[in-house]
Amino acid sequence: MARTRTKRSRKLGLPPGSLVHLGERKTATPGISLIEFDAGGLIEHRFESIEASRNFQPRHKTVWLNVHGLHDPEVLAEIGSRFGLHPLVLEDVLNTDQRPKVEEYGDYLYLVARMLTMNAEGSEVLSEQVSIVLGANFVLSFQERPTGTFDALRERLRQDKRHIRAEGADYIAYAMLDVMVDHYFALMENLGERIDAMEDMLLDRPSRELLHRLHELKRVTLHLRRAIWPLREAVHQLQHASSELLRPATQIYLRDVYDHTVHLLESLDTHRDLLAGMLDIYLSSVSNRLNQELRALTVITTLFLPAGLIAGTFGMNFHNMPLLDDAQGFFIALALMVGVALAMAALFWRRNWLG
Amino acid sequence: MARTRTKRSRKLGLPPGSLVHLGERKTATPGISLIEFDAGGLIEHRFESIEASRNFQPRHKTVWLNVHGLHDPEVLAEIGSRFGLHPLVLEDVLNTDQRPKVEEYGDYLYLVARMLTMNAEGSEVLSEQVSIVLGANFVLSFQERPTGTFDALRERLRQDKRHIRAEGADYIAYAMLDVMVDHYFALMENLGERIDAMEDMLLDRPSRELLHRLHELKRVTLHLRRAIWPLREAVHQLQHASSELLRPATQIYLRDVYDHTVHLLESLDTHRDLLAGMLDIYLSSVSNRLNQELRALTVITTLFLPAGLIAGTFGMNFHNMPLLDDAQGFFIALALMVGVALAMAALFWRRNWLG
Amino acid sequence: MARTRTKRSRKLGLPPGSLVHLGERKTATPGISLIEFDAGGLIEHRFESIEASRNFQPRHKTVWLNVHGLHDPEVLAEIGSRFGLHPLVLEDVLNTDQRPKVEEYGDYLYLVARMLTMNAEGSEVLSEQVSIVLGANFVLSFQERPTGTFDALRERLRQDKRHIRAEGADYIAYAMLDVMVDHYFALMENLGERIDAMEDMLLDRPSRELLHRLHELKRVTLHLRRAIWPLREAVHQLQHASSELLRPATQIYLRDVYDHTVHLLESLDTHRDLLAGMLDIYLSSVSNRLNQELRALTVITTLFLPAGLIAGTFGMNFHNMPLLDDAQGFFIALALMVGVALAMAALFWRRNWLG
Amino acid sequence: MARTRTKRSRKLGLPPGSLVHLGERKTATPGISLIEFDAGGLIEHRFESIEASRNFQPRHKTVWLNVHGLHDPEVLAEIGSRFGLHPLVLEDVLNTDQRPKVEEYGDYLYLVARMLTMNAEGSEVLSEQVSIVLGANFVLSFQERPTGTFDALRERLRQDKRHIRAEGADYIAYAMLDVMVDHYFALMENLGERIDAMEDMLLDRPSRELLHRLHELKRVTLHLRRAIWPLREAVHQLQHASSELLRPATQIYLRDVYDHTVHLLESLDTHRDLLAGMLDIYLSSVSNRLNQELRALTVITTLFLPAGLIAGTFGMNFHNMPLLDDAQGFFIALALMVGVALAMAALFWRRNWLG
Amino acid sequence: MARTRTKRSRKLGLPPGSLVHLGERKTATPGISLIEFDAGGLIEHRFESIEASRNFQPRHKTVWLNVHGLHDPEVLAEIGSRFGLHPLVLEDVLNTDQRPKVEEYGDYLYLVARMLTMNAEGSEVLSEQVSIVLGANFVLSFQERPTGTFDALRERLRQDKRHIRAEGADYIAYAMLDVMVDHYFALMENLGERIDAMEDMLLDRPSRELLHRLHELKRVTLHLRRAIWPLREAVHQLQHASSELLRPATQIYLRDVYDHTVHLLESLDTHRDLLAGMLDIYLSSVSNRLNQELRALTVITTLFLPAGLIAGTFGMNFHNMPLLDDAQGFFIALALMVGVALAMAALFWRRNWLG
């Protein structure tokens, strides 16, 4: 939907699993940060380059590695070999137009979701791919650029609210999903408010521009649908994954996320139905108004007709015509003209044609 | 659909399970009432505050606790810890824009439904969330404000009609569902009557306002659909829950509720189809009428044409023209004008163009 | 669809299972008739009141009890206690706007279907609820009024054609379903013939009234759909019921009924598609014709224009103008007027604008 | 779709299984032919009447009995009792408006399909019911009239190409299905070609008649859909039948038939989508053209306006008017008229309004 | 969709399994190439004729035989008997309008896919059938003509990148699918770009031609859908095939292909929704513009009316009329004409009718 489409065609002819970054280069240098934690404590690391991390050994049970900026395939290749990731996973991390999905790879799960934000004017939805790899005691997350989306989550880890550190890697993965879904709700609210606003405009003053804004909003709903629908499916799949990676306690939270995605989809459908209805009303309103204007103009033309005919009649050159010699003849004729026009206007007014 | 949307975005950045009341504050003070009963008797309690209830110990087998007014998270937190509820349940009780659903939590079921009522003018459907928690021998119900919806049920308990006290907690939960579904039927009847009324208006006098009322009714159907569709699903899930909490005797009643929700959805679909058909007829009627009016005006214009030409012809300055010197010439010309116009009118009348 | 809607709202606040008759009172006194039979013989009974039947003991294996007229809850209550029916069954028998369904209650099956008949003008489908309770050796059937629908079936029992008496209760239930489905076919034929008739009218003379008849037919299809769709489901469920009540031999007949309902639904879909297509053609035809008429009128206006201009030209008061003094001047001008108009008419005729 | 609908209502009130031929009488005398064959040889028989066949005993393993002409219930009753067919099968063979289906009856399968052919003008699809009963070593086929459809199959049996005689009864049944599906492809090709032809016409010269042909083609697609959709289902059911009657080798061929029916349905959907798109374009084209014509006429009117006003102006009777006494005055006025009209025409031409 | 439809009707009456090439003859001579390889090495062969290959014995484990040009049934028959292929497989290879599918034949799988390419002007999608037979250690691929599609794959085999030679036959089959799906992405990008371009045109200058291009694009989406939808199904089936032919490692790659097909279908749906929305906007724009032009013309007519009436009035022949004798009378009348017209123009301008 975004006009800057990812050029997947650049990969034509390359073998599957080729690490080529498809998508805009959205940040200057990749940033690699790592948080290791367990109930006993938490340490944060930030690596300047992938080489700097090579000798790293974690001292806590759970590791959360976050990478933003994906244009350097070397970084990915290194991480891939370190955590034993399948080439297809690395390829999908780099090709940032994946649809949301979950894939089980034996001892880890690969999850793709999309982070949606609206541009300043609210006319375009910006979409960013977030890849999450969930292992037994690690979470890897890959973003296209630093967005601060997960800062609140990091803060909660630092302060260990509700003993979140004890929860483990699967809870972190869930918490990231939850943050993204909460962002969807904000988008949906925005959308709903704009639809309400347009509905009021529709009644007050339907303008040509409204049509294009309706089309724009329809585009936004299509975009949201493409992000949320497969996410719902993916969460459903997560819930029914046979994987040991997700503890039952986390499953309850996933059910909540699933429920939220269904809620979002239902709101979206309602929005689409309303937009469709508004389009019908708009089209009818505009064509109606134009026709009423045409009618008004035609009414004016009609009002002039009898007056013109009277003038023509008294302009005939017959030798023997009544009134011509009458001193008041001219004014009688004028009165006739005005009188007939008024009578017709009254008639049209009663039939409600002066619109 | 209601214009006062619940601002879920206020929760952005909070951890899952945070107890923040999302939704309008609809009543001044929360009201906590409790009915305990079994075949042997019934006692009613009303607590001023949550502290007052702290030392309460039930003397009868089944306990039904009803809370209305949800803006005080303290009350919920207390109830939650007393009955061992999951944080997500408490969060959902407070976020009053949940979609209807059922969730199994081991030793209790959590059920969300929506109580729908129409505003006085019938243009807006008001929606209130009702949360029900069903345990082995307790039912908790949470409403946004006191509505008297379940008063009849309480009365039946007090009078022990059909030995309802012996039925237990699951029957109470069912009875609450049944009351809500009966309210849906009332709404549906109202909707059907308004559609019938509009259909008659459509034939008699299609007005611009009708269009907006059609759109309004469409909104109402969308709203009803969003409440009933997931409720149907939830009841279906209840029927197939592996839970011990629902006795077979109650399952038969649930089947009846399920059947009612399906009935409601089918009525709704019929209503939507009718509304869509009415929109088509309306649009066609309006455009038709405008076109007929334009045609009528054009017919009038056309009737004046030959008269005008005759007048013009006899207004020419040729020296040698017939009739000009004739004493009756003017009247012959007038007769000609009227005659031709009448002839044309007759022709148009036969072609049915005077409409 | 029928304008006399069943007022389910009259039951708001009553406990589930309350026996209140919802629906029109369609007959004066309830009629209770009973046929008992087996391979060995057949006896018919007709009871004046429910009290009269109290001491009745059947002498043959299979009992078929038919009740028409449902406004006396006492009758139902008595029958219910005699055959051990669940309160919900009795409630559903009385609330005559049930959707078709099958419910298994251990030792009996409860089946609701709708008997559809068209009113005299064919504009409205009348719908009557038929409830059937099938037990091991009894069939109870409840109708809203005496219709004679099942007379042929009774006659076959009396004459024992094809040894129908030996078939048992399940065959009787099937046979009633079969009769009702055969009536649907008659309705569908009627509908098809009316669509064909309208299609011919659509080509010959599209009138405003046609639009309302299209809408009427659409209503009829919606009504039929609401009766047949759940019936199909119900028969499907009967076929897969684990119940012992239906012998394999009867299942083969049920498969036939199922097949008929599917056939009906497919015909209905075709009818709906055709109606939708006809609506498109109608709307296009009407707007087309109006536009063509407007064009025709505008063509006439245009034909008068040059003549008018010529007249105006020769009406100017210049001292030096050609032709004015010519003896044939007037006639030359007239000829010019007619000539130009004819030339333009020829042009329009060639462009096919005289339509 | 065919206007000569089968009158199923003639059966109202008859018991199920009654043998009444519903449908047109399409041939004079029923024809009964029989081919018996196995790897060892083949014998053909043709019976004048059903009595003639009474003492027939086959000498080869597989028997294929073909009957065309169904108006004599006696023939069917005889065959039914000979092969032990269920009364419902015989009823369905005679009621020639069955939907395609497969029914398992223990030791034989009953299969209904429809043979579609297009009438000479290609405006109507003629539909004929073909019933096939497949037993362990016999195939019975029933057609409404002799069509020669299966002649090629008989010829292959006679010549024993690819050792077809060794294949057995199930292969014969498959081969008949295959022939019918091949006919569907021919119909579909024809349909596709006509759609292509209409698409070209749509661009060149959209005419009113096109609309009716679009509707006609839509009817044809509905008809095809009603024949093919249930056939697909039936073949699917055959593939998963638990029956011993279909050998694994034949199943592979059935899979091929199934695939063809899916292919047909997809083509049909494409055709329907194209027809819908063409309808949109047609409606838009026609309304567009009419509006352009109206505009052209209005342009002409407008071009005459200033000339008329000039004439009128110089027709005023003021004593002191410029140009009137000028010898060239008249011609100056004429030049003015023409000049203004040309200027306006140029303006309109630039705005592209002369359309 | 392509106007050169495959004439399946040429096969009417032939037995199933008949080897007749249906489809255009797209290349002069069939080309048969063979690559045999395993981890130990690779040998390439190219056969002039099918006879030349008769004595060929492979020396490596995996054999990939590629045939392009299918009009010589002899070649196919030979290959069929060599690899033990079912007659239906050979038939489907030759009938090049198969829908994509997978069929299991015990010891080999038969897979049909379509290679789509766009013609130079981008108005037509060219579709070519690619048949793949996957056996335990061989892959057969059949194309209609040499396209070079799989050259990159061959090159990777020659260079043994990522030890592809060790992967075996199933990987080769997967890689071919992957190449085709990558081509679909290129088509989809092209489609998306053209839709974006049209959207811009729609806002700037909606022209009649746009309508036909919208219809053309809709055709393209229908065509893509028909290729991709069944392919998705086929890949799904491959994933769940019980076959030993596909190793688990290859299954992971197939999941990736499956995901791509779903992605493609979702993009396609978005494109279709956008096209439908654009059609609505286009139709509304065009009808709107025409109506505005009509209004503008009518406005002009209306502006001339009062001037004409004034001229007519002063053209009347009354003896006693004011101003006629006034020296400035004529100019006062002219000023009046202009003044009234300007006043009306101002009024219309304020009502925004000068459009």
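Order of writing sets the labels: A, B, C, D and E. Residues in every chain begin at 1.
As a working rule, contacts are C-beta pairs under 8 Å (C-beta built on N, C-alpha and C of every residue); 3 or more make two chains touch, one makes a residue touch a chain.
Quick caveat, the model's predicted, so the values are computed rather than measured.
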Common touching chains of chain D and chain B: C
Rounded Å distance between chain C and chain D, as computed from the means of their C-alpha atoms: 26
Chain A-chain C separation of Cα centroids, rounded to whole Å: 43
Chain A, residues touching no fewer than two other chains: 287, 291, 294, 298, 301, 308, 312, 315-317, 321
Contact graph of the chains (line, ring, star, complete, other): ring
Complete ring sequence of chains beginning with chain C, oriented so that chain D follows: C, D, E, A, B
Residues of chain B defined as touching chain A within the complex: 1, 3, 5, 7-9, 11-17, 86, 88, 92, 98-99, 101, 103, 105, 208, 211-212, 215, 218-219, 222, 226, 229-230, 279, 283, 286-287, 290-291, 293-294, 297-298, 300-301, 304, 307-308, 311-312, 314-317, 321, 323-330, 333-334, 337
Touching residues (chain side chain E, partner chain A) in the complex: 152, 156, 161-162, 164, 175, 178, 182-183, 185-186, 189, 192-193, 196, 203, 252-253, 255-256, 259, 262-263, 266, 270, 273-274, 277-278, 280-281, 284, 287-288, 291-292, 294-295, 298-299, 301-302, 305-306, 308-309, 312-313, 315-322, 351, 353
